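Please find the structures below.
In what follows, subunit A forms one complex with subunit B and a second complex with subunit C.
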Partner chain A sequence: MAFARRWSGTGVFLGTSMRVQLHDPLAIVSSALVEAILIVFVWVLAPKYLAFALFGSLVYSLFLIGQHVINEAAYIRIEHKINELYHASPLSPEAYFLGMAGGIGIAYLPTTLVLFVLSMIVYPVTVGGFGALLVVLLAVWLFSASIAYVISTLFRDMKAIWPYAALITNVLGVVPPVFYPLALWPAEWRSIALVLPTSSGAALIESAAGLQPLPLGDVFLAATALALEAAVAFVFAVWWARRSSREA
Partner chain B sequence: MGSSESVTRSGRVLPAFGIIGWRWISRNPASAIVPVMLPFLFLYFLRIISPPEYFPLAVAGAMLYTTQNIGSWCLTDAAVNRIELRLQEIFVASPLGKIRYLIGVAVSNFIAAAPALVVQGVLLALVWPVPLWAWGVLAGCIFVIWILFSAIGIAISTRIKSQREIWPIGNLIFSVLGIVSPIYYPLSILPPAWQTVARFLPSTYAAELVHGSLGLPQVPASAETLALDAVLLVVSALIGIAIALVVYRWRER
Partner chain C sequence: MRGTDVRKTYRMRTGDGIEALRGVSLSIRRGERVALLGRNGAGKTTFLRIASTLLMPTSGSVEVFGHDVASDPDAVRPLIAVVPQESHPFFHLTPREQVYAYLRARGIPRDEARAKTEWALAQVGLEEVAKRLTITLSGGQKQRTMVATVLATGAPLLFLDEPTIGLDPFARRAVWRSLRQLTSEGSTILLTTHYLDEAEALSDRLYIVEEGRVLAEGTAEEMKRQVGGSVRVSVKDGGSLQEQMATFGPVVSEDGTVHVVTDPERIGELVDLAMARGLSSTVGPVSLEEAFLRVVGRSIDQD
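Coming up: the complex of A and B.
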C-alpha cells in the first residue's frame, strides 16, 4: 500500500512533464541532430554500414532522451526554483523523477519513431527481433534517465550543465561501436564495448535482428551488463531522489 | 578626448573579453574541453568508417567545424549574459558598442577553441605535408568563419527569450550549418541536390578552399578555382554578416 502510494503521483507528473516538453517542438526536432549527422556521415562515406548506423541511432536516441532529464531537472530546480514546492507536496521524490523522465521520454519519442521507420525500411526485423529491440531500448533509456537525474542534482549553474551532458552523450554514443559495427572496434577492447550501455544495446539489437550475429558468450555479457546497469542506476536514482529531496 | 586615447580605450575590450574567456575556462575546464572534443569525436568516427585517404581532409574540416562551433558558444554566452545575468543592459549603457561587444564575445570564445585548433593543426601537419601558403589559406578561412559564425550566434542570441531555448536553437542552427556544408568530405561526393544547397553556405567555400589548397588528390583544384572559392567565401560571408547585423538587437531587451 505504502509502495503504491509512493508511486501514485507518477502518472500525473508524467502528463505535466510531457505537456511542458510538447510546448517546445523545436527542442524535440533538434534533439535528433547528432544522430542525423552521424547517419549522414555513414550514408555519404560508408553506405554499407547504414543499417548499423540506423540501429545505433535508435539506441543513441533513447540514451539522449534519457539525458534530457539533466537539463529539465536542473531547469526546474535552478531557473524556476519549484522543485522544493514539488518535494513539499504529496508527490514523492521517486514519482517526481520517474514522472519527469517518462514525460520527457514520451514527448521526444516521435524522433525515435522516425529513426525506427527508417531502420525498418533499410533492415526489417522479425517479431522476436522487435521484442528484443524494445527491451534493450527501454533498458538504455532507464539507465540514461537515472544517471541524468542524479547528475542534474550536482549543478548550481545551467551554463555548466550543457558541456557535461554533451560529454556523456558523445563519449558513450559516438566513440564506442554504436553507429558502426562492433567488428570495426579494436578486438582487444571488444569486451569494453559489450559492457558499455550504448554499445552493448546496439550489439544486442544488431544481433537480435540478424545483422551482426554475436557468440552466445558475448550476448550474455552484453545483456547482463545492460540489465545490471539499468537496474542499479534506477535503484540508485530513486535512493538519490529521496536523499536529495530531504536536503532541498 | 584625443583620437589616440579613444583608440586605446576602444582596444581594451579585446583583452577584457579575453580575460573573461580565460576565467570561464579556468573555473569550468569541462566547458572548454567538451565542446572542443566534439570535432575530435567526429574525426575518430570518420577515421573508423571512411576511406583512410579522406583523413587529412577530415582533419582540416575539423578545424573549420571547431571554428563554426564558436558561433554556438557565442550564442550561449550572449544569451546567458542577457537572460540570466542581465548584463546586456549594462553593456548597452556602457561605451561598448554592439560591434565591439560582438568581437569581444567572439574573442572570449576563440580562446576556448584555440587549444583544439592548435592540436588539429599539429595533427594535420603530421598526416599531410601542408604547403606554407596553405596554412595562410587555412588561417584566413578560419578568421572569416570565426567572424561570420560569431555574428550569427550573437544575432540569434538577441532573439532568444528563455534559457531553455538556447541549447535546442543553437544545436539546430549550428549542427545543420555544419552538416550541410561538406566540411569533413569533398563536395563532389555529395548528391547533386545537396551540392546545390551547400553552395549557398560560406562554409562550403571555406572547405573547398582549404581542401583544394592542401593539394589532396581527392580534391583537385586549379588556381582559378581557388581564387573563385576565395571570392565566393568573402562575398557570402559579407552577406551573412550583414543579415546577422540586421537580426542583431542591441538596445531592446
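Coming up: the complex of A and C.
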C-alpha cells in the first residue's frame, strides 16, 4: 500500500512534464538535428552503413532524453525553484523524478518514431527483433534519464551544467560505435563498446535485427551490462531523488 | 506547529560553518496567521524550509500537527503547501494548467481540482489571463499564480516565503483577503515578509528574527508598545534639540530630522519646543517599522 502511494502521482506529474515540453515544439524538432546530420553524413559517405546509422540514431535519440532531463530538472530547480513546491507536497520525490523523466521521454518520442519508421523502411526487422529493439530502447532511456536526474541535482548554476550535459551525451553517444558498426571499432576495445550503455544497445539491436549478428558471449555481455546499468542507475536515482528532496 | 531550539549550521567546503539558526523556538496555533520578520539573512527562510521538510535542522525539532518534520516528512507533506522564495510557475503552462496540475499531483480528484482552481484564480484576480502561458504574464501575475497554486490546495498549514514580493498594492490586498479567508476556514499560515505593513495587516502574531535568534514575539500592538510610547514626534533640522528631545523618550536622528517616541500627553510640550526654535514638527502614531528597527537595532548595538 505504501509502495503504491509512493508512486501514485507519477502519471499526473508525467502529464504536467509532457505538457510543459509540448509547448516548445521547436525544441523537440531541433533535438533530432545531431541524428539527422550524422545520418546524412553516413548516407553520403558510406551508404552501406545507413541501416547502422538509423538503428544507432534510435539509441541516440533515447539517450539524448538524458540531456533534456538534466536541463529541465536543473532549470526547474535552479531558475524556477518550483521543485520545492512539489517536494513539500504529497507527491513523492520518486514520482517527481519518474514523472519528469517519463514526460520528457514521451514529449520527445515523435523524433524517435520518425527515426523508427525510416529504419523500418531501410531495414525491416522481425517481430522478435522489434521486441528486442523496444526493450533495449527502454533500458537506454531508463539509464540515461536516471543518471541525468542525479547529475542535475549536483549543480547550483545552469551555465555549469550545459557543458557536462553536452560532454556526456557526445562522449557516450557519438564516439563509440553507435552510428557505425561495432566491427569498425578496434578489436581490442570491442568489449568496452559492449558494456557502454549506448553502444551495447546499438549492438544488441543490430544483432537482433540480423544486421550484424554477435557471438552469443557478446550478446550476453552487452545485454547483462545494459540491464545492470539501467537497473542500478534507476534504483540509485530513486534513492537519490528522495535524499535530494531535502537539503542536508 | 511547534519549533523547539531549532539550530542550523550550513557546512562550507572550507570546513567552516555558517550558523543560520541559533536556537529558534516558536509555536503557531491552528488557524493563526504568523509572520516571521527579519533582515536579509536573519534566518527566516531557513526556518521556513526546515518546517516545510525541505531542509534538515542541525539540531532541535519542529513538529507539524504532531509529526516530526525531520523523522517523518511523509506524514507532514500532505498537510502543508509552500510558496518558495523567488519561485516561478512553469513558464509553458497557463495559470489554470499550473494550478490544476499541482492539485492533481497532490491527489485531489479531477472535479474538485477544477473547482478549486477556478476559485483560487478568482481569489487572486487571474481569471482574465488564466488561458495565457505564464511566460507572457507580468512578474506580479506570475507571483499570483504561485500564490493561487498554494491557496487552491486548502492545506491545513501554508508556508509562504515572501508571497507578495513584486505585487502592486491591489494585488497584495487581494492575496491578503484570500489568506484571511483561508484562516477563517481553519488553515494556518506561517509567512515571511519584508513588508512591515503586510505583517501588521495580515498576521495575528509576529516573530522578529535576527542572526538566527528570535528577538521578540507578540502582536503588532505589543511590539509597538516595546518602543516606549505610542506617538512619534519628528522635528525637521532638529539636531540642536536632540538632547532636550531625549528627555521625552527614545530618540533617533535620520537625515537631519530627529524623531522621538513618547506618550500622547507630551505632544504639546514637544511641538511648543520646536516652534520656539522656529522648527517644523509632525506627529504620527508609532509604526511597526519603528518597533522593528528598535528591536533589531538594539541587538546590533549589543553585538
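Following the convention adopted for this analysis, the second predicted complex is superposed on the first by the 247 of 248 C-alpha atoms of A that agree within 3 Å, B and C clash if a C-alpha of one lies under 4 Å from a C-alpha of the other, contacts with A are read in each partner's own complex, and residues count from 1 in each chain.
Keep in mind that, in the parts below, a contact is a pair of C-beta atoms (placed from the backbone, for glycine too) under 8 Å apart; a residue touches a chain by one contact, two chains touch by 3 or more.
Values in this document were obtained by computation on a predicted structure and should not be read as measured data.
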Margin query: With both complexes overlaid on chain A, does A:Phe179 touch subunit B (first), subunit C (second), both or neither?
Written below: first
Notebook entry, point to check: Can A:Glu79 be said to touch subunit B (first), subunit C (second), both, or neither?
Noted result: both
Check: In the superposed arrangement, which partner chain does A:Ala166 touch: subunit B (first), subunit C (second), both, or neither?
Finding: first
Next item on the list: Mind working out whether A:Leu33 is in touch with subunit B, subunit C, both or neither, as first, second, both or neither?
Entry: first
Notebook entry, point to check: Which of the two partners, first being subunit B and second being subunit C, lies in contact with A:Arg156: first, second, both, or neither?
Noted result: neither
Note to self: Contacts for A:Pro90 in the overlay, against subunit B (first) and subunit C (second): which applies, first, second, both or neither?
What the structure shows: second
Next item on the list: Considering only the touch criterion stated at the top, classify A:Asp24 as touching first (subunit B), second (subunit C), both, or neither.
Entry: both
Next item on the list: Name the contact category of A:Phe41: first (subunit B only), second (subunit C only), both, or neither.
Entry: first
Notebook entry, point to check: What residues on subunit A does subunit C touch that subunit B touches too?
Noted result: 24, 79
Next item on the list: Please name which positions on subunit C make contact with subunit A in the complex.
Entry: 49, 52-56, 73-74, 77-78, 80-93, 97, 101-102, 104-107, 133, 146, 149-150, 153, 159
Margin query: Using the touch definition from the top, list the residues of subunit B that touch subunit A in their complex.
Written below: 28, 30-31, 33-35, 37-38, 41-42, 44-46, 48-51, 54, 76, 80, 84, 163-165, 167-169, 171-172, 175-176, 178-179, 184-185, 189-190
Checklist line | Residues of subunit A that touch subunit B when the two form their complex | finding: 24, 26-27, 29-31, 33-34, 36-38, 40-42, 44-46, 49, 71, 75, 79, 158-160, 162-164, 166-167, 170-171, 174-175, 179-180, 184
Checklist line | Of subunit A, residues touching subunit C in the complex | finding: 8-9, 12-13, 15-16, 19-21, 23-24, 76, 79-82, 84-92, 245-248
